[in-house]
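In what follows, chain A forms one complex with chain B and a second complex with chain C.
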Partner chain A sequence: MTKAIDQKPSLTRRKTLKTLGAGALAASVGCYVQAQSSAPIKVGFQVHRTGIGAAYGRWYDRTTQAAVAKINAEGGINGRPLEIVAEDDGTDPKRGAEVVEKFATQHGCDIAFGTLFSHVVFGSSPRAGELKLPYFVVSEGHHVASGKLNRYTLQPGITDVKSQVQAMAPYVAETLGKKVTMIYPDFAFGHDHRDYFSAALEAQGGEVIAKIAIPPTETSFTKYFPKIPRDTEVIYHVMVGPAVLTFVKEMGEFFGPSKPQIFGFIDSLEAVDLSSPGLEFLEDTYFWEGHPRYAQANQTEYDKTYRAAVGVDNNGASISDPKDVSTYAHMFGCWETLHIVKAGMEAADYQGPGDRSKLIEAVEAMTDMPASDAHPQGAKVFNGRTHQVFGHQYISRVEGGKLVLAHTTSIEDTLYEDEVDYTTQSF
Partner chain B sequence: MTITKRSVNLPLLLAAVVVVSTNPANAHVSEQGFVLLLPTDAYIAAGIGIILATLIFLAIFHNRSAAFATASRHLFTVQNPGWLPTLTSLISTAILATLLVIGLTGPRDPLTNLLPLTIWTIWWILFPIAQGLLGDIWSWLNPWTGINALATNNKMPPLTLPTKLGHWPACLGFGAFSAFALADPAPDDPARLATFVGGYWLITALGIALFGAREWLARCECFTILLSLFAALSPFQYRKRSFGVPGHGLLAVQNPPISLGIFALLLLSVGSFDGLNETFWWLAQIGVNPLAFPGRSAVILPTLAGMAGFTVCLCIIFGFCVWLGKTLANNRKSAFWQDFSTFALTVLPIAFGYHVAHYLTALMVNGQYAIAALTDPLATGADHLNLGTFYVTTGFFNTQSTVRLIWLTQASAVVASHVLALILAHTTAQRLYGAGRPALVSQIPMALFMVAYTLLGLWLLAAPKGA
Partner chain C sequence: MSSARSAHILHLGVLGLLFAAFFLLPAYHQGNLARILVLAVYAMGYNLLFGYTGLLSLGHAVFFAAGMYGLGLAMHLGGATPAPAFLAGMIAALLVAGVIGSLALRTVGVAFMIVTLMFAQAGYLTILYFGTYTRGDEGFVIPQTARALWGFDLTDPTNRYFAALILFAVVLLFIGWLVNTSFGRSLIAIRENEERARMLGYDVQRAKWIAVTLSGLLSGMSGAAYALLFGYAGATFASVQYSILPLLWVLLGGAGTTIGPLVGTIFMFYLIDFASEVTSAYMLVAGVAFVLLTLFAPTGIAGELRRRALPWLP
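Right after this comes the complex of A and B.
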């Protein structure tokens, strides 16, 4: 697969002059600028406090607060502290658009940030574009890179599902088996996995020999397992919702001790304790993880620092309650996005809402993001044209009720052809 | 602030939900997952068994059940100075005013702002439970009577509330409140909630000023009525200075008007529908994928229609049971509507039990947020309660043993409340239709209703949920 991520054009000459002009003006009204420069930078945090995203929202909030505390302790952005203005979107697209509007018109926020659920991103992004409010989402949806959104919407802190899924194919085909049966919920989420993975596996010389779509309302799965072809070498499952534990239990009962290789996405069991009774069947199976939940033998100092800041132990659970498992595979995106906002604002010499387009251009100009305290999940490469970041993916094996890292994909495994060039859109 | 139409295109959003849904998840998905693994069928059967055993017990000992249900002892009494309830009410008003200011100007996050946490978690979830267990505290803490006493010096109000209005204004008020709580896209939004709460306080204060606190609170102010009815379930009945079997206070209510009976059924129906509307079953009825709930904005009309429809159905079915029981007892002494209202009050324990069961998990989580907000009420980083680093946890949803304990606690509340309702209904039947066979026969339809409702309540706890 080829994928070119070019260096973004730096700030245009005209904009640079504008910046210099602004600086001269600033110098001439020193007192005003002094007042401005010490004022906090307001980040409108669109958080799923209620609704179906609330479990994720709680950890997104915790990670965000930890990132803000760190950034402020280190001097803030250009000497100005970050201030979070959190608004609940109810995990509701219509409400999401209203919240974005409140950030821009009521709270005077510099940017909006933090949305996870794709339908809320979809509902909010057009309004952010109309209001010219930079909107940094942490959604892992392919909607940004697909070109369906706008220049004001960026996803620089978390990879998208298309790249995640396709990056699994080389390891699955080479290590686990080439004949794969997919079991997925029969709606858009499952269909994305089906389509992205089927194509990627084919490119690796493998084949999806059966696609078993489960109706979303199903809560018992025994009748579906006999549909798994006998020559299946790998089962790829991506079930979600309250019946996931039942699915795992029934699959375990169906196969008994002689099971094929099994591969899943941790989305199914995000924030679920893997040592829970009934999940023993998952032993020796594999999972995609956006960020390894359990501290690994080769844990980086960055991951260690990040865990401590968020208050997460080596098992990915809260330090205050070992049973309170975090949404570790996703929430790093909040931390990393805020650090990118900091880097972008500093590069653009961001002074206020008038510099929003400069901020976007500065982020669009970013490319390599090495692993660091700002990027504890690992190194990444940002594609300014598609407004989407690409990074390593992790495949872990369940051993003794814990996820042990088995493989780290290359960033190249995650790349795909550009589907949009947002930089051609005007501000 | 105005939201322009062009910013929100609902059909487009719904289409987006269908087309792009890359991260479905569920609030407390692990709890739901463990519930589905629990032997809930066996638990439900055991619950129904307890209800049937209660019915058999009542049939055998029907001569003694009334004496049991009304058994109470005199509580020793302490004379309170007359100004004390005025003072406590004034303190309550001051706290409410402070909360409204926090709602309008404090943090925008509903789980950080003290107003939504106080209104929804402490007052709406916890306070009715306290009323049901400890008796009528609300008459001391409501935020109107104190200020009214000061303003009017307890003079006669200028107007008289028409008798024929009954409790219908309260029914309307509670219906409107329920619509806000169940269907509004953002009932937790601090500023929005502050507007509603402040507006309701003003309307009530005006009603009290015009018609007097006694009449307005007893017939129009839905929360005072709700809390008084729940307090009547408590073993402690302060006005009568008695302590007795839970519900003995309710049996003392004579000839309730039809509007009060409907109000009681409204409490039950809204409470039940608030659980039903989250189930896979309901979401399938309204064509919503339970694994990709599109948000409350997308289901406002179905929710309102469902709530209204469920209430009407409940009233019709309940009315039919009362009519059938009355016919079987061959009773012509009392009017149907009188019997309907009297029996309707006996479902209040069920409404209370549902309240406990339905909100238990929300209380366990949001109660922690309330503590966190109390220690730092203005989100300035303060720690008035000296809690140190305080992380809210939902770890109890992540183990089978704790989920089982939570589920059985919820189920116990549902079953116990039905047992109490059966006892109250049986005692009421004896009063209305006389002891012996007529009362027993009249209770057959009501007993079937209670068994079916127990089944519904336990099924709601066990059913997979997606909203």
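Right after this comes the complex of A and C.
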């Protein structure tokens, strides 16, 4: 009995506390492991919901949601779902930088993504670099490949304006004519077209005989058309902003039935229905398209799948509203970028913000991207040094009020010398 | 306690609060506050002209942009270090404000508003026209490596915050001092009754020109600081919306009060930040808030505070 009294109880208070403590620790570690393994990967989506980029923003949003739904349905990234944290940047560089800060320091996003307008990219990129937040832009600006940004900014899902423009020159010179008059907006985007196309056309033995810059505040264009030289064989036009429709209509009124060859960038008519009144004169003219708006005779299965997932019909408009025309030439960039993020995170075995530099290195290591469900616009080649992707460009001709593919450039046509090597910059 | 002493204590208290805020706030709000402090300098510059002198300008973005591009181009094209570049920004703003002031002040009232608006638009188009150097609407980045002032890396959140706070403090104390000088009081006299001030023997035109120039200089300092601390200069900052923003900040915070511009800038920043999480029509929310404040507190938040509780508020 004494023995029994002297015996220490097998479960002392200290032991109990230790056991409970260990249990709690194990449970919390378990939770942590669980959190690491199944918590969503947060993608800060900088979206132009308001401001000049709103039409693009609406379709970038739809494409992004469709891509996320597909990726999550296929098991997410490393088994973790993607979660979009969308913030409107008002298509404004100041707000853009604030939104990037918000992604990094308030929402705890793993990456930021989705910006289109160049000035917003320029305004936001320094903050992304300082906050060490991978910033995947879908802008088609030459800013990334020009070396003006930083190692945290990448553009792997859409080609840049320099490669697009220079790839047009061989076709324009050989097929349409060698004497070109350019009409472009008098700001940076237009100047890029002016400079890169002029140089590329000269290399093809052609010549830009007039460069007509239109001030961005202009609302009527009739006074500019008489400046077009008489011996012009091809008009090259690229306009953006709310007055584009007026521009195209007034150009039609000016030329009437006897027009020269006309080649434009579809930016002039993104999200605009080609059957809008006044656009009839565009028949037989040519357009650059980043991705053919109308389903073509040789449509790939990848394009078919992508089109259905985003909710776009064969005419490039919303399935639910045929008047709601998409920004088809650009928005594929969101879809492809998110698939590259997935591939990069899986290659880097991405676990959390501590692996951001590994993610960037994994993307930098990418090269060939064959056409697939992840790359419905076509095959691409990524240049890890310049953080820029290169791919096929499309030239379409307006036939019967629809854009019909006339030419597909090679990827080689779009390449140019490296202007930067971001991989030499430290993290 | 005299009003001047109370005002002095208030200013030091505000600065103390802002100092403490850095250690108390989470990273996101620290970053926001750094930005707000820089923009509040712009609002204070605007307030000097609008709130104290009674001149409503619709073209202050040109001064903000002059400072921004003065610094930005000196660094981007001239390879200048931040200190001389900041000086270049101040000189640019001073010159632009001096010239525009001397021309715009030939008009009064609505004409003054329109002339300043037109000058700002001319400034915006000038930036676009010289796109080869300014990169127009796209703007340019000031690299992280170039943004170190006297050994302090201004891209570091702590250094950035305190650089913004120092600039804000200098301008706040300067305004607090200025409005109590005889010159400052002459500006208020002009605002209250320009004819009477002229009859009393004040050189009204000269005082107004100095007010425009000083206001432009402070706005330019804000623009230069913004480019330096946040690494970007672009034509958007010269567009008309950036002329309207300081007017809204000052009206919301309280025109003719020293702390009103800060209050208004904080209020508007967070109003948009919160509202944009709820709806894409966040500018509508800001508009409604503005209408309500105009109806029920026409003198702004600080102005209402002065009217109801703190008559000594500077």
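The working rule: the second predicted complex is superposed on the first by the 394 of 427 C-alpha atoms of A that agree within 3 Å, B and C clash if a C-alpha of one lies under 4 Å from a C-alpha of the other, contacts with A are read in each partner's own complex, and residues count from 1 in each chain.
The rule is short, and it goes like this: contacts are C-beta pairs under 8 Å (C-beta built on N, C-alpha and C of every residue); 3 or more make two chains touch, one makes a residue touch a chain.
Every value quoted in this text rests on a predicted model; they were computed, and no experiment measured them.
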Superposition on chain A - do chain B and chain C clash or fit:
clash
Touch test for A:Ala271: chain B only (first), chain C only (second), both, or neither?
first
Name the contact category of A:Val244: first (chain B only), second (chain C only), both, or neither.
first
Check whether A:Leu149 is in contact with chain B, with chain C, with both or with neither, and answer first, second, both or neither.
second
Contacts of A:Ser118 with chain B and chain C, given as first, second, both or neither:
both
Touch check for A:Glu101: first (chain B), second (chain C), both, or neither?
both
Given the touch rule stated above, what does A:Leu403 touch, chain B (first), chain C (second), both, or neither?
neither
Which partner, chain B or chain C, touches the larger number of chain A residues?
B
Per the contact definition in the header, classify A:Val138: touching chain B only (first), chain C only (second), both, or neither.
neither
Would you find which stretch of chain C runs into chain B in the superposed arrangement, from 37-45, 199-207, 235-243 or 253-261?
235-243
Does any part of chain A touch chain B in one structure and chain C in the other, and if so which residues?
49-50, 87-88, 92-94, 97-98, 101-102, 105-106, 118-119, 122-123, 126-127, 130, 141, 143, 148, 187-189, 216-217
Along chain B, where are the residues that touch chain A in the complex?
1, 3, 6-8, 10, 13, 16-30, 32-37, 107-112, 185-186, 188-189, 280, 283-284, 289-298, 389, 391-396, 398-400, 402, 464-467
Using the touch rule from the top, collect the residues of chain A that touch chain C in their complex.
49-50, 87-88, 92-94, 97-98, 101-102, 105-106, 118-119, 122-123, 125-127, 129-130, 141, 143, 148-150, 186-189, 191, 215-217
Can you name the residues of chain A that touch chain B in the complex?
47, 49-56, 58, 61-62, 85-88, 90-95, 97-98, 101-102, 105-107, 116-120, 122-123, 126-127, 130, 139-143, 148, 161, 185, 187-189, 192, 216-217, 219, 240-246, 249, 267, 270-273, 276-278, 311, 317-325, 330
So, in the complex, the side of chain C touching chain A is made of residues 26-28, 31-32, 35, 125, 128-129, 131-132, 135-144, 155, 230-232, 234-237, 273, 276-277, 280, 282-283
